Amino acid sequence: MVPLLKDMNNSNDAEWHFFKRAPSKAPFYELEDVVKDLSFALEDLERHGQKLPLLVLMDNGSTEEDILALMKVKIYDIEVVVVDHHYPGVVEDGKVAVDEYVDIHVNPYLVGGDSNITAGALAVELAGMINPEVKDRLLHLPGIAAVGDHARSDEAEKYIQIAAEKGYDADDLEKVASSIDFEAFYLRFMNGRGIIDTILGLGNREKHQKLVDALYKELHKRVEWQLKAAMPNLKTQKLENGIIFSVLDVEKYAHKFTFPAPGKTCGYVHDQMVQKYGEEVPIITLAYGPDFGVIRATDAVNESFGFNLNTIISKLMVEIPEAGVDGGGHECAGSLKFVEGLSKEVLQGFAREVLSLEK
Amino acid sequence: MVPLLKDMNNSNDAEWHFFKRAPSKAPFYELEDVVKDLSFALEDLERHGQKLPLLVLMDNGSTEEDILALMKVKIYDIEVVVVDHHYPGVVEDGKVAVDEYVDIHVNPYLVGGDSNITAGALAVELAGMINPEVKDRLLHLPGIAAVGDHARSDEAEKYIQIAAEKGYDADDLEKVASSIDFEAFYLRFMNGRGIIDTILGLGNREKHQKLVDALYKELHKRVEWQLKAAMPNLKTQKLENGIIFSVLDVEKYAHKFTFPAPGKTCGYVHDQMVQKYGEEVPIITLAYGPDFGVIRATDAVNESFGFNLNTIISKLMVEIPEAGVDGGGHECAGSLKFVEGLSKEVLQGFAREVLSLEK
Amino acid sequence: MVPLLKDMNNSNDAEWHFFKRAPSKAPFYELEDVVKDLSFALEDLERHGQKLPLLVLMDNGSTEEDILALMKVKIYDIEVVVVDHHYPGVVEDGKVAVDEYVDIHVNPYLVGGDSNITAGALAVELAGMINPEVKDRLLHLPGIAAVGDHARSDEAEKYIQIAAEKGYDADDLEKVASSIDFEAFYLRFMNGRGIIDTILGLGNREKHQKLVDALYKELHKRVEWQLKAAMPNLKTQKLENGIIFSVLDVEKYAHKFTFPAPGKTCGYVHDQMVQKYGEEVPIITLAYGPDFGVIRATDAVNESFGFNLNTIISKLMVEIPEAGVDGGGHECAGSLKFVEGLSKEVLQGFAREVLSLEK
């Protein structure tokens, strides 16, 4: 799209004026994000006489949590395209709740697919439709997204295959995906266009290799550093139902305000347990802080025990209404929020649910 | 003023170059704010050859806490206008402490008035004097300010009446005032000009209605959500002197880093108690965290018991000098700060003062 | 350099386009800083067709901790000049570890000198070589740096003497150095060019005097305020080995998120002990929070007991590997980091090391 912007506006600066990439932190379109987007859009309109922008939400925007922000955008008659692969709620007549506030909604769930078609794949396919000339240059990106999102499907495999043909083997893809995460941690809300392009392999290939190698080495060092503090303080027990349940106080036994943050730390700790016991074993890992928990579980817990994080959260909301329980995510990976004063009750409630799981 | 800027500079961009709105968080002109203002002013001067700005402090700037920041501004010979309705300290010959650093000081207290004439009302009256053409468009704003600031006076009532004639009934005013608070929470230091204009009803009326309705509905939901966690953990007792005293650990029993923040949460909790027991009843609500407290009290506690938050804070400063007690506000609403290690002593000291109040 | 930029580009705006000052917080070139610098550099290159910048790291950049950030910069072929006076590690053939990633490295240690030649002195000498016309105007700056950095050497004394000839006595230098610290606290990542120039005495002398007086008075008030909370809660004991060891819980017994921050608070508390017992006495002061400690010691502890903070940290790393101990600094001043859950073990370990020191 950016090359088209250049052509159509006959100006080198157009791609900067007319294209803004704004990273978001939350897994949905937050109020913090929408006020920024609206402020800039309205100032560009009033001050520079620009048209209101086309808002494209990538890997975000399909769920009920997005509705308030989208509603605000639509009050100003801004056109909205959502390209997402998160579960958008019940589909009726090809429509979901958020569709009232979205002009174009691209989501595999709307047509019988699922989250294994990543937002990265959707983005590249769309880019190819808009401007076929760029597609070839982007064809390794869906492979990165597939690896980064742990997508498991024939399509995902094919994309990984295509990336391999472009010179990125599975190991490279994993390194690039991790490096993006690592760099995004420091970029926060900066768009970091030049750097992200290098990491994704969209610029100079030699620089790409050097940068990814440097980043990956460093992130590996930091993960090791975090695990060195976390692992000796992880409490693991094999429950009567056969589940291996590990608990970590991530506020006390991990470095704070640094990479990896609590969510990723939980993931890395969980990976250690999976490496130790095997991927087929039912393993649940909970990393908690004063007012939150992060949960990772192997597919085995979901398949054999019917474990679903979202169901447990719904139960806890009812059982301990004064704890302000909130959160969610996928069946086997997500987070839990609660008020600090009720943390014991909530965490014990969660453990009780895990204990009561049956094959 | 903005339309005048446009006319006088014969440029559409003038209103953006020559007018900056910078929201402040603290109830006074903070060092964090003044370094930003000075940095921009000095860069505009040196880089763009602009004149130094006229600094207008709205709803801020009258008190001794503002002096250091103002002193810095005056070192650079920047002209300062203060339009405020906070108590500016003892008035002598129509002057107060801050006047040494202020060129024009508008404050009802300087002429025998009080804080019931809101900064919003002062701003609109001033705007009307500078540019009579705009006043009609702004005439509903003092009503919003009166409701938002809980102003009680004949003037306040008249402003609310004027707003009603413009099509904003009391309920609308309350919704707009709350929506501004809610949106400001997410805007932080962004000026958010377009959005704020819509909320205040200065732009398209239909968009105004839709946006305020959406915001109000959402903020109501969030307040309910906060109260659901807070109310079951509120400890209330009727003291021997008849005062209903409620205490909440707002760090433990409320959602953090979200709207409503601790101060507003205390307000909403207090409102619940007032609804339950009645406005005429002496009620004090204290929400505390590790190193702070927020206090709300009904007028009845002030009128019948002589309760004055500022007096209690002064006492605690002397009684527990190592606690670093600080804070203040109005007689019946304000905050308390202290070092974490002495929180028990300070909170018990506060409770002792409340217990010892007599009719 | 800035006047040269103006001349060579024949444009008043050149000094703003082509010169950026970006304050850094950490004592090394952080990943947070380098992503910002790279983002701006790459955007200026792609968007405005500017050349890649010359990166000059001042008072930073010589140590192994700087390597990752520098490596990233070098991947983009950006030229790097480091002007630093921190210990850069073992020098071999006039080279140190960081030199692989640095084009020009100015550091007294590379030529047999030490940190008593401050970065401020190096900067002024360099500026004089680049543009002899400016040197006279800057000649009081090395004196400020010498006092601010507690430099002790003949050169430092001479610089202080030169400053005196320019009208800045020792007291003035101390005030300016402290005012810079104070103002930097509020400026954070803003460059604050105009204000910093005034404080350093590079602009109007009268404004300089007024601003420094105002800042110094205020910072003094805030230090007093902090000490009032801290000193009554300081636990001091004279150990058997003669060392006076003081410990403060700076999270509980000091005001947070304000000036002076924990590191400086520890310094001011330590200064109180030195004033009380004398500079020749072995005194160690430790201010700790949930996951960090700040340490100050008199030279006497280093000279008579061989105290070296870095050695103790290395020992603790080995003794308590799961505590994630990190940190360091100079022999007698620096910081300590660890995970919250092992704070007791780490702090006790530190105390044990101090106890076991022998003359």
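Read from first to last, the chains carry the letters A, B and C; within each, the first residue is number 1.
The rule is short, and it goes like this: contacts are C-beta pairs under 8 Å (C-beta built on N, C-alpha and C of every residue); 3 or more make two chains touch, one makes a residue touch a chain.
Keep in mind that what you see is a predicted model, and the values were worked out from it rather than measured.
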Proportion of interface numbers common to chain A and chain B (over half same, under half different): different
C-alpha-based rotation, chain B on chain C, 0 to 180 degrees, nearest 5: 120
Centroid distance [mean C-alpha coordinates] between chain B and chain A, Å: 38
For chain B, residues contacting two or more additional chains: none
Complex contacts: residues of chain A adjacent to chain B: 31-32, 35-36, 38-39, 41-43, 45-47, 49, 68, 71-72, 75-76, 291, 321-324, 337, 339-342
Residue ranges of chain B touching chain A (in the complex, touch as defined): 12-13, 16, 183, 186-187, 190-195, 198, 207, 210-211, 214, 218, 225-226, 228-229, 231-233, 249, 251-256
